[in-house]
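What follows is a set of structures to go through.
What follows is a pair of complexes built around chain A, which joins chain B in one and chain C in the other.
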Partner chain A sequence: MSAIAMEIRRNRLVMSYLIVAMLLVVLVVAGGFLSDRFLTWRNVGNLFQQLIVLGMVSLGQTFVVLMGGIDLAIGSLVSALTVFLANFLEWRPDLVWLALPLALVAATAVGALNGLLTVVLRVHSLIVTLGMSSIIFGATLMYRKEPGGSVPRAFADVAYAKIAGIPVSAIILVAIFALAGLWLQRTRSGRSIYFVGGDREAARLNGLPVDRIVVLAYALSGLCAGIAAIFLTARTGVGDPRIGVALTLQSVTPVVVGGTILAGGRGGVLGTFLGVLLVTMLNNLLNFVNVSSYYQWVIQGLIIIIAVGIHTSRRR
Partner chain B sequence: MAPLDTPMPRSRGLSLATVFERYGLVIFLAVLMAVAAVASPTFLRPANLVNVLTIAAPLGMVVIGQTFVILVRGLDLSVASLMATVAVLATAFKATTNDAIPLIFLAAIVLSAVVGFLNGWLVARRNVSPFLATLAMMIILQGIRFAYTGGAPISTLPPGMGFLASGRILGVPVNLMTLAVLAIAFGIVLHRSRLGREIFMVGTNPKAAFLNGVAPDRVIILCYVICSVCAGIGGLFLLGYVGTVSNWVGQGYELDSIVAAVMGGVALTGGRGNIFAALLGVAVLMVINNLVLLLGFPIEMQLIIKGIIIIGAAAFYRTRLV
Partner chain C sequence: MSSSVIELSQIEKEYPGVKPLDKVDFAVQPGEIHALLGENGAGKSTLIRVMGGAVKPNSGAITYLGKRVSWQSPKAARAAGIHVIHQELALFPELSVAENILVDAQPRGRFGLISNRARHARAAEILAQLGVRIPTHARIDELPLADQQMVEIAKALVGKVRLLILDEPTAVIAGHEVDLLFENMRRLRNEGVGIVYVSHRLEEIFEIADRVTILKDGQVVGTAPVGEISREEMITKMVGRRLSQIYPARRAAPADGPDILSVRNLRTGPRVRDVSLSVKAGEIVGVAGMVGSGRTEVAEAIFGARAVEGGVIEFDGKPFPGRVPKDAIAGGLGFLTENRKDEGLFLGLPISANIMAPDLQGITKYGLIDRSRECALAERQIHDFSVATPSPDVKVGNLSGGNQQKVLFSRWSRIANRLLILDEPTRGVDIGAKVEIYRIVRRLADSGVGVLMISSELPEIVGLSDRVFVMAQGRVVGEVEGEALGEEAIMDLAVRSIERHKATAEEIA
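After this line comes the complex of A and B, so read on.
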C-alpha cells in the first residue's frame, strides 16, 4: 500500500472518529437539556461504572473484526464464566485469587479454540463461533438452568470501587483500551492484525504467520470476555446462564458505530471506545426521558444501519 | 463449458468418495433413523414420525427462504424475529371466525415482503453487510413488536389456524402438504426457471452476472423478499401449532434454518445449493432433536449437538469432491 493511500485511509478514519465524537457532544448537550439528572456527577459516575462490560466485549470484538472475522460466541462465553465464577466462589470464597486467573485462562483458551477451528477447518468464522456459542450455551444450561451462586463481599466491592471519585473499573477500561491501541498501532504483531484483515492472501505472501495471528485475535477476544465476565459477576453477585445472550450482538454495535468495517482491516479501538460511550449514554438518556426499552431496541437497530450507512457512503 | 485447466476427465463410475459426497446426508439420515429405531421402539411409530414432521414443517418453510438468501451470498438473521412479529400481527385482528384467515395471511405476506425488501435494499443498494442489515432488522422488529404488545401479547386466533398447523386431511398433516407445495413451487423457481439461473449466476459471480445482463441488485432484493415471505408463512404455521402468541415465537429459528441449509450443502459463499437437500437438512436436525429426547438426554444437549453439527457440516462440505 502506498504512503498516500495509507494517509487517505488514516484521514478517513479520523473523520469517522470526528463524526462519532460530534454525535457524543450533541448527545451530552441534548441530555443536559432533556433531563436535569443526566449531567449530574452521580449519573456520570454510574455511567462509567457500567461501561466496562460492554467496553471489554466490544474491544474483543474489535480485534476479531479488524482481523476479518466475527465472534458470535462472546455472549455465551460471558454467561458461562459468570456461572463458573459465582458457583466456584460460593464453594470456596477464599480462593478468589485462584478463580479469577482460572476464568481468564479458560476464556482465552475458548477464544483460541474458536480461532483454531476457523484456521484448521477453514470454515467461516460466523459458522464456527455460532456453533461454539450454541455448544457453550448448551453446556452451561446443562450445569445450571437458573441463576445461582454468590460472591464474597470483597470481590463484589471491586465493581463499585472508586479512587478519588472515579470508578476503578473505568480506569482499568481506559488503561486496557490505551494499551490495545498502542499495541495495534505501534507493534509488529498488532499491525499484522490489520494486514490479515485487509488482505489475508497478501499477508500470507508477505510471510506473515497468518494462522497464528487469527488465533491470537480470537484468544484476545476470549480474554476480553473473561475480564467482562469478572466485572459482571462482581456487580450482579450471581452466575446467570442467560445474562450474556444479548451481549454478543451488543458487542458488534459499538464496533460498527466506531467506524470499523466488518470486512476487516480498517478501524480502530478509539472508534470502538467512542461507540461504547455513545451507545451507553444514549441508553442512559433514553431511560431518563422514560423511553421504554422496547423503543431502545428499535433505536439500536437504526443506529447500526445509520452508522454503516454513514461509514460506507464515506468509503465510496 | 468445461474449464480449460481441468486436470483429468471425471470418471464415469461412482467412486466411494463420490457416493459419500453426493448422498452423505441421506446416509447420515438413514443411520440416525436406524440408531433412533434401535434406541427407542417408539421412534418408528407412525404417530411419532408424523409428529416429528409436523414440528419440522414451519422450520422447513423458513429454510426454503434462507436457502434463497444464502445462494446470493447472504444470510438472514431476522427470520425468527419476523416470525414472532407476524404472529403478533395475526392476533391484531382479534378474529374469532375463520373468515379472517385469508386476511391474516395477506397481511402477514405483505408485512414480510416489506421487511424482506428493506433487508434486500440495505444489502444490495446500500452495501450494508447481510449480517448487520438483518441483525438490525431483527432488533427493530423486536422493539416494534414488544412496544405494540406491551410485553404481554393477547392470543385471539381463529380456530382454523390450529387446523392448518396441526390438523390432517386423509391422515396427512396440512402443514406438511403446505410445505410440499411451497417446496415444489420454489424448487421450480430456483432450479427450473430463468430467475433461478439468475440467482445462481449472481451467487457465483455478481460481476459476471451483471455483464451477462442480469441486474444483481434486483435478484438479491427478490431473494430477501422470498426469504421473508417464507419466514412469515412459517411464522403463521408455527403460531397455529403452538396455539398461543408469545413475543418469542420462532426463537432460535434463525440458527436452525442456517444449520439445516448448511447441512444440506448450501454453500455460504453463494451460488451452490439445492432446496430439497436443505429440507433434508431439516429432517436430519429434527431426527436428532427427537433422538435426544427419546434417549432421555437433557434437552440442552440439542444445543450442543447442533453446534457441533453446524461446524462439522461446514467443514465437510468445504472439502467436497464433486
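After this line comes the complex of A and C, so read on.
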C-alpha cells in the first residue's frame, strides 16, 4: 500500500473529508445532468455569494463544538444584529464605519458572556445558550416585531461585490477559514481548543487555561455570528427579528457532516467548509429542479443522519 | 471431560491483521476457581467475550453443560447461567441497589406492574445469600466500590449461575474488601459454580485459584493446578522470557541534601486529615495505603489541582506559591494521574501533541507552533522511553496501556525536572511494560528528580521505593525505610491504625 493510502487509512479525519468531497463531486455531476443552468458561471457565482452566512455561523459553531460545547444562541444573535444594523443605518446611513464595529463588538461580547456563564455556573452549554437564545429573541421582538429598517446602497453592494468575477464575500470567507485553520493547528490557544474538547480535566492537569479557552471559543462564535449578520443585512437590506431562527440548527449541519464530532476534540474547519459547500449546493440544486423548500428540509435532515452514520461506522 | 461446566476446544478468532485467539482449549470444572493469566493483549478479554456470548469465534467448539452451543448474544449466554462481571461495572449509579440487582428480572405484582415490596424482599434475600449487608434502598453511587461489586455479583445470583467470570475484580478494591470478595468466591465454588478469575496479580492467584491457564499471544501456553507451578514459571510463561530482575537496584546510600518537597499537616477535601511527608532529590518515596485512604487527594493538593484547607506544602524550603497546576508545572513538577484515560491523555490526539501539551510555549515561535520542532522533540522522547509506535502522529487512543503510560512518562519527564508524582503508575499494564516502567522511574530518580509514588501494589512499593509513607484514613500513620522496608511492616502499620481508629470510634459511641 502506498504511503499516502496508509496515511489516509490511519487518519480518519482525512477520510471524513474525502467522503464529503466525494459527495460534493457526485452532487456536481448530478447537478450538471439534472439542470443545464446549474453549472453556469452565473449560478456558481450566485452560489458562492450565498456561502458566507452559513459559512460564518458554521465556523463559529465549529470552534464551540471542538471545545466540547454547543452554541444554540447563534440564530437569535444573528437576528438581533440584523435588526440593530438595519435600524441603526436607517437612522444614520453615514455611520456605517461605526455600526459595523459596534455590531461585531456586541456579538463577541454576547458570545463571551455565554462562555463566562458556562464557566461560572458550571451549567451545560446547551442550557446556557438555549436560555441566552430565548432572551435575545424575546428582547429583539420587544424592539421590533416586523422586518424593517434599511441600508445605504454602498453597504448593500458589499454583499454583491465581485473581484475578477469572484464574489468578495467568498474570498473573505475562504480567507477567514484559512486563518481559522492556521490558528487551530498552529497556535497555543488554537491547539488548546482541541485539548479542552478532548478532555477538560486532563487539560487542567496539563496546566492549560481551560476557562479562558472556553470563553474564547464562545466569543469567537459570537464574532462569527456578527460577520454573518453584516453580510445578511447587506444582502436582504432589512433587519428581520426572525431571520435567524433556522440558522442555529443549520449551523450544526456542516460541522457534523464535515466529520467534527459533537463530543468535542476531534475535527476541523476544512470539514466544515466542505459541509457548507455541500449543503448550499444541494439546496441550490433542489431549487433548480423545483423541489419545494419543505423537501429541502427533509433532505437536509437525511444528509445529517447519513453522513454522521458513515463517519461513526468508520470509527468502530 | 464431559463433566466440565464449559469446555472450549480449538477456538479461533481473527480480525483483520490480528488473531486474538489461536486454537485455544480451555475448560472449567464445576466447583473450580480457574485463573486466567496473561499480559494485556494476550487474548484474555476476547476469550471472556467468547464464553459470555459477546464475540462469536471464527471456528472451534463450545460445550456448555455437556451440550454444543453457539451463543447468539450475551443475553442467551446469561439466560443459560453464564455471568460475566467486567472491570467496569455495569450498574446504574442513580438507581437503587434492589433495582440494579433485579435489572432484568423485575418482579411483577398486580396488573403486571413492578412490585416495589417484592423487589426489595428478593434483593435482600440474594444479598443475604452472599453474606453481605447492603441496604437495598441505597443508591449505587452512595456505596463504596467494593459494595458496588457485591451488587454486581448479586445480579449473577438472580438466575441460576453455573459459570461466573470475573475480569480483574480486584483492580478497584483493596484489603478486607478483597477478603470479602474471595470469601464469596469460595462460597460460590463450594456450591458447585465454576469460576473464571482474571487478574494480573500473581499473589491473588496463589491465594484463591485452584487451577491456572496462561495465555500468550492468543495461545494457551500452559495449564496447571496452582500447587504445581511456581511464580517464576508463571511469569516466564506469560512474558515468554525470563525476568531475572523485576525491580532495578535501589540507591546505594540514603539520599542526603535538603527536601525538595515537604508537606506538613496537610488537610484537604473530605478525607485528608493530617498528612506530613517529604521527598529529597534523587529518591523514590512510596505512599502506601488502602484505596480511599486519601492518597490521590494528597497528590492533587501538591500539584495545585485541589484546594489546601490546612497545613503547609513547601517546595525547596519555600511555601509553594502556586494554587493551580500551571504554577506547579512551571516549578518543575509533573503528575501522572491514576486514571490516565480521563485525567491524563487526550486519546483522540496524536502522540506528539500529547507529549507536548504542558509545554506549548516551548515549541512556539513568533506565535506559531513549530511543527518540525514539535515532532523532533516528541520523537526523541518516543525513542528515549521506547514507546512502540510507527510515528508520532499516531493517536494515543490506538496504543496499548503500557505504551500510553510511556507517553505520559515522555510528557512529564521533559518538564518535571524537580519532582514527579506517580499515582498507580502501573495500573492495567502488563508485566513486561511494568518492568520497563520501573526502570524508567529509577532512571529518572538517578538523574536527580524526586519521585513520589502512590501505589496499591505492595510488591511494587517495596521493590521500588527508597522510603515509604503509610497512609490510613487520611493520615500518615508511619514511615518505613532501609532494612525495615517490607510488605508486612507496611500492612501492619495500615491495619493497626484502622483497628485503633475503630476502637476509638466505638469508645466514643
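Just so it is clear, the second predicted complex is superposed on the first by the 306 of 316 C-alpha atoms of A that agree within 3 Å, B and C clash if a C-alpha of one lies under 4 Å from a C-alpha of the other, contacts with A are read in each partner's own complex, and residues count from 1 in each chain.
Please note the rule applied: a residue touches a chain if its C-beta (ideal position, glycine included) is under 8 Å from a C-beta of that chain, and two chains touch if they have at least 3 such contacts.
Computed from a predicted structure; not experimentally measured.
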| item | value |
| --- | --- |
| Partner chain(s) touched by A:Leu208 [first = chain B, second = chain C, both, neither] | second |
| Which superposed partner A:Thr236 touches (first chain B, second chain C, both, neither) | neither |
| Which of chain B and chain C A:Phe137 touches, first, second, both or neither | first |
| Chain B versus chain C as contact partner of A:Asp199, first or second or both or neither | second |
| Touching partner for A:Val256 - first (chain B), second (chain C), both, neither | first |
| Touched partner set for A:Thr187, first chain B, second chain C, both or neither | second |
| Per-residue contact with chain A, leading partner among chain C and chain B | B |
| Contact set on chain C toward chain A in their complex | 303, 305, 324-330, 335, 337, 342-349, 353, 357-358, 360-361, 364, 367-369, 371, 393-394 |
| Touch list for chain B against partner chain A, complex | 75, 122, 126-129, 131-133, 135-140, 142-144, 146-147, 151, 255, 258, 262, 268, 298, 300-311, 314-315, 318 |
| Chain B partner contacts - residues on chain A that touch it in the complex | 70, 117, 121-124, 126-128, 130-139, 141-142, 145, 249, 252, 256, 262-263, 292-302, 304-305, 308-309, 312 |
| Interface residues, chain A side, partner chain C - complex | 10-11, 182, 185-188, 191-192, 194-195, 198-199, 201-209, 265-266 |
